[in-house]
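Note that chain A is present in both complexes that follow, paired respectively with chain B and with chain C.
== the complex of A and B ==
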């Protein structure tokens, strides 16, 4: 293990570590453009140059391996001068169109110029202009060749991570330009990641284009609900402009680094599937077409459930839980309908809901918490929603309580129409309007994942936390809060002050979750112990 | 019975005595004020108040009769060069404004009539009153790239600080229309949109 000194601090690191990685362990961040921890080293941007004692020239920190007794300086005058010069070269042809650039505010070129550059321009020549300004190179990404600093991060991403090889650097000298190969398009399912890794505004997101300046965004850690992979994400939403009555809150989703789950990446399917958070939401409880208050809605439910509870006909209650719910929500379903109203029929497994999948991040199971629902609800094997649906169709159920499933899409219009006729109370509880709402007797608005505090369990059986970014839209409530209200009305109150208490209860009552807590889960998740 | 003022005075003095040397000065002043030692006794003639009343009436009526005469003469077109009073006869006679006075905003145009604004949101960000709201969209010319689809400025909220003008990288917003009378009958009509801001 070589021992080296960086800026006067000693550290021992394994051999074949580069200086930039060793410095990172000490908390020293060396500027970088082309270096990315998840990509092969290219060493072309030269901004990470550091001074190594007894070496005549400055060395690039991203590719110089550490050696025993090495003394590295990352902030000597020589290094700072080199950074300044590199920045000067990079800005020779970089357009000064920060006002119209979506990257402004999170642009590394801006940041390093403010930190290390700040020189007066010595350039008399006009900047080299490319043929086109921003143009589309695929369904999700715009390319502006003038802004590109040719760090080739995106080229290495498509070569090594997705292996789709769309990008290349063409021509030479100041004619060099980044482009997709002729006849090709950047249309793989991971294209959004090139926008994240681009240090400047050369690659920008079409979906985010001109929508919001990045300094208005507030970031909340979360987990992608798009599939059972449970990629760690940050929900970036417009917080700083509360004076503006904009109807959309979430502006974009970005991957959050978690080496055990998604590393630095996320797929486009998950990345662009956030519009449901603000659009097409159910805002108030409804009975048929009438808007009602929460009290009335809960009363209606309790009035139907109570006689069943008293007479013991609990098998006339059908619950279609969902793997979209958090563990906390599912635990309340378990407590209310499995423990208190023992005998109700519960299931969450949807037949044939498998979507496209690949061998990287996208999983066929499009629910974030299938593992959690399985562990908490423990439904009978070899069964799914169809049994309960069949029973409801034949008039065997008095109450059908649906959590977010679009039954029309799953079982067809006729089935749902029959259910609506044969079931006394058909409750739909969900966040967004769908066709099933038209047939439900009672519609309850619930919160979406970005408004909830809770946990999901992904397909690796890793328990991961989601945080609420903002309060639920309209009158919608978290699923467990609704169930808690209902339990109080039917005379078996289950009440919790917050979801953390629920999780503590899960941890104490289910052996698999033993000794887990929100604090221990943290933002990187925690594996279930088997 | 004890005088309540006296009690409060004692409390105050106690408080002020604890604080450094400047407080002594203040305490002395207060004492003098309370004891009314700084007041000069009025003479008998002064205490009738007649001289003060007369001089006041004289000053008022002097201006009244001077302005009355001059206004009458102005209506028949005489002595127009002598102003009748220090008052500007607004709105007929607008007050002359300094060239750099911050007045109502306007949005500048390019040669083709599109706004010069590129919707960079600098003004929206810097605005302390948060009265600007911009929605950006694509500009037909790819070299301009961005333009405001809507530029809303709520003059009901604006504090006329001029930060928006100062921060603008494109010189797209100016406060030089010389218009100050933005009175309206409703709050909604105080909200200026892109079209209204580009009119002049």
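== the complex of A and C ==
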């Protein structure tokens, strides 16, 4: 392994490492526009030039391979001067529209100018005007050719990652402009990623444009609940300025780097499916048409369950759990209905119609925690959720407790009407209003993933953590907290101070989770023990 | 004086095989293929001091010897893009003596074991393309190309490719990209073409004129050739003289002939007996020379020593009627127009420099322009992917440094006498907006 010195610090790295990668290992971040760790090297922006001893010219750090005994300087006067020079060239034809540019605050031109530029303008000449200012290039992305610095990250993304080849650089010299090929639209399920990798305000997201200035955003690590891939994401939200974007809290989702799961990317299906967090939420417990308190709601449930418990008719309880729930939620369902109220019928496997999928990130199973639900609830192989529904229709159940599923969508209106008639207590616990709510006797508002602390297990069987960005909306509560309240009311209390302790319990009772903890899972996840 | 490259130019039907065969045509190739090993051919060319006549002046034999034996096919790519302003020599070779060129291609391919050669010709050179293709067809018919060339086991195919009109495609790696069907963007180096060139295979890229010199070297020996030129720069080359001379044209002269003798003896001196003001010695990218520098010997090393370059052999002569701000504007407009736009210093810088000089030319310059301009020009070179950026810096920089006083006049007086005199011509140029 070659040993080299960067800014006086020695480091040994594998051969075929580039200077920019080696420097990163030492915590030295060399500025970059065109370089992106997940894309092929293009070497066109020239901002990453560094001084390599015995080389007459500055070398680009993104392309130059390390060599034994190499001495690199990333902040010599020559290097700093070159950075200034490159910035000056990049800004020669760049419009000064920062005040109205949506990228402001996360723009690498702004950032590097403040860090490495700060020169006095030498420009007395007119700027080159590009053809198109802000225009739509597809269903989700807008392009501003003037702001583009032609780093070609987006071109390389669509050429090499999605292989959909929508982008090209047209014309020559300072008349070069980025565009989609004639007759093409940027319309693939990963198009949102080009906005993430664009270092400037050339590509912006129609969903996010002008909704919120980025410096108001708080960021919370999470995992996309959109499918069983479990792409690592960051929930970006703002509660301090409720007047913007109709009082919604979440402004956008961004992919979070995890080389073992989603690398730097996420699909559009997941990216734009966050509006349910703030819209159409159930805010208070409800019995029929009446808003009730949590005490009343829990009482109502306990009053129906207790006699069944005392008389031993526990098979009159049907539970429709969900693979949208966290492992912690599911573990409480297991403890309450499998251990304490042993005999209840539990399943979570709805006869779903699978969604579209591809060979990249999007999975057909649209639940984030199917693997977790399988392991924790361990439903009988031959049983089916349909059996429980059948029983509920025939009056074979006193209680049907549904977690989030829209039964009307799954089984049709008539079935749900019959269930509502024949079951004594039909409970719907979920975060958002759906048609099934109209038939449920008791509606309990639960938290969404962005309000929860917990874990999901993705299709690779990787346990991944989600963090609460903010408190549950209205009076809604986390699913396991509701179950905990219920357990106390029926005289078999299952009580935890937080979800971490539930997870510790899972780890000690299920072998596959042995010795796992929130700390060990961290923000990159941990594989189950097989 | 003995002519090598242009020896057939004034013969009737010189482009026909029949005519070429009369003067020991294809005998060099026959000698190489039947009497010499590939290694001997490479050695012979090395000893001849033949250097790349496209502009870089790299030792040709040495370049061939970089090709290592691999399982991959090896390619010869001929650079006939000839985009350097002031250069028009390859055009004459391909039109007047295409068989001499083809013979060179055969020997070159034999020397490093290639069985396929691509000839990339400037898109506008329709006659060159037509004549070369006709000559290739003749050569195939007469067993000089194709399988079992001249009864030997050696086989070779030659493909002609027409460029699409970009100066940058004369840069060898941009040429390869273009040949592969992509946009003509220079590649990052290393790897160099000798390791990974066309289609990722080992590739030699030679200029048309360079290859044309190969057959005479094999036939007459490296000693004879090297003695023709100067110490480290063997043979003759074609000098293309244009501009304010009495007899512009292509002149074959030994390397090392002085610039003075080319201008005043061969090209007949300055038109109308006027005085020389400036001369570009090797295509527009070579830094401009002043009259006191024209005793320089025209070879790669001598020109390098005085801070210019021999380049492609395109000599552009300017007399005392030329406004140098105007000349710098025209040159910088060329660079702004032809920058491929791949890397930022050249893309943004070349256009900026042009707009700056144009502004000075039109009398809108400011005194601080002459403080800023050299710095801006200087920041392009050395920071780019290919040598285009260096060319902008060296070439445009030389106008500003050597003719600074003319820039000062344009800034102070908003015009100059020379421009006023040539108003008609100037206006027509000024109308062509970049």
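Keep in mind that, in the parts below, the second predicted complex is superposed on the first by the 519 of 530 C-alpha atoms of A that agree within 3 Å, B and C clash if a C-alpha of one lies under 4 Å from a C-alpha of the other, contacts with A are read in each partner's own complex, and residues count from 1 in each chain.
Rule of thumb we're sticking to: a residue touches a chain if its C-beta (ideal position, glycine included) is under 8 Å from a C-beta of that chain, and two chains touch if they have at least 3 such contacts.
Just so it is clear, the model here is predicted, and its values are computed rather than measured.
Trainee: In the superposed model built on chain A, check whether chain B and chain C fit or clash.
Mentor: fit
Trainee: Under the stated touch criterion, which partner chain does A:77 make contact with: chain B (first), chain C (second), both, or neither?
Mentor: Neither: A:77 stays clear of chain B and chain C.
Trainee: In the superposed arrangement, does chain B or chain C reach more residues of chain A?
Mentor: C
Trainee: Going by the contact rule set out at the top, does A:312 touch chain B (first), chain C (second), both, or neither?
Mentor: Touch status of A:312: no partner.
Trainee: Which holds for A:175: it touches chain B only (first), chain C only (second), both, or neither?
Mentor: A:175: touches chain C, not chain B.
Trainee: Counting only touches as set out at the top, which of chain B and chain C does A:97 meet: first, second, both, neither?
Mentor: first
Trainee: Please work out whether A:183 is in contact with chain B alone, chain C alone, both, or neither, and reply first, second, both or neither.
Mentor: A:183: touches no partner chain.
Trainee: Tell me which partner A:288 touches in the superposition: chain B (first), chain C (second), both or neither.
Mentor: Touch partners of A:288: none, neither chain B nor chain C.
Trainee: For A:49, is the partner it touches chain B (first), chain C (second), both, or none of the two (neither)?
Mentor: second
Trainee: Once the two structures sit on chain A together, report how near the CA atoms of chain B get to those of chain C, whole Å.
Mentor: Minimum C-alpha separation, chain B to chain C: 23 Å.
Trainee: Considering the complex alone, what residue numbers of chain A touch chain C?
Mentor: Residue positions touching the partner: 41, 43-47, 49, 57-58, 60, 63, 82, 85-86, 88-90, 92-93, 122-126, 128, 149-150, 169, 171-176.
Trainee: Quick one: in the complex, what on chain A touches chain B?
Mentor: 97-100, 104, 132-135, 209-211, 213, 215-216, 241, 243-244
Trainee: Going by the contact rule set out above, which residues of chain C touch chain A in the complex?
Mentor: For chain C paired with chain A, touching residues are 166, 168, 183, 188, 336-345, 347-352, 355-356, 359, 366, 369, 372, 375-376, 379, 382-385.
Trainee: Write out the stretch or stretches of chain B touching chain A in their complex.
Mentor: Listed in rising order, the residues of chain B that touch chain A are 118-122, 124-125, 130, 133, 136-138, 142-146, 169-170.
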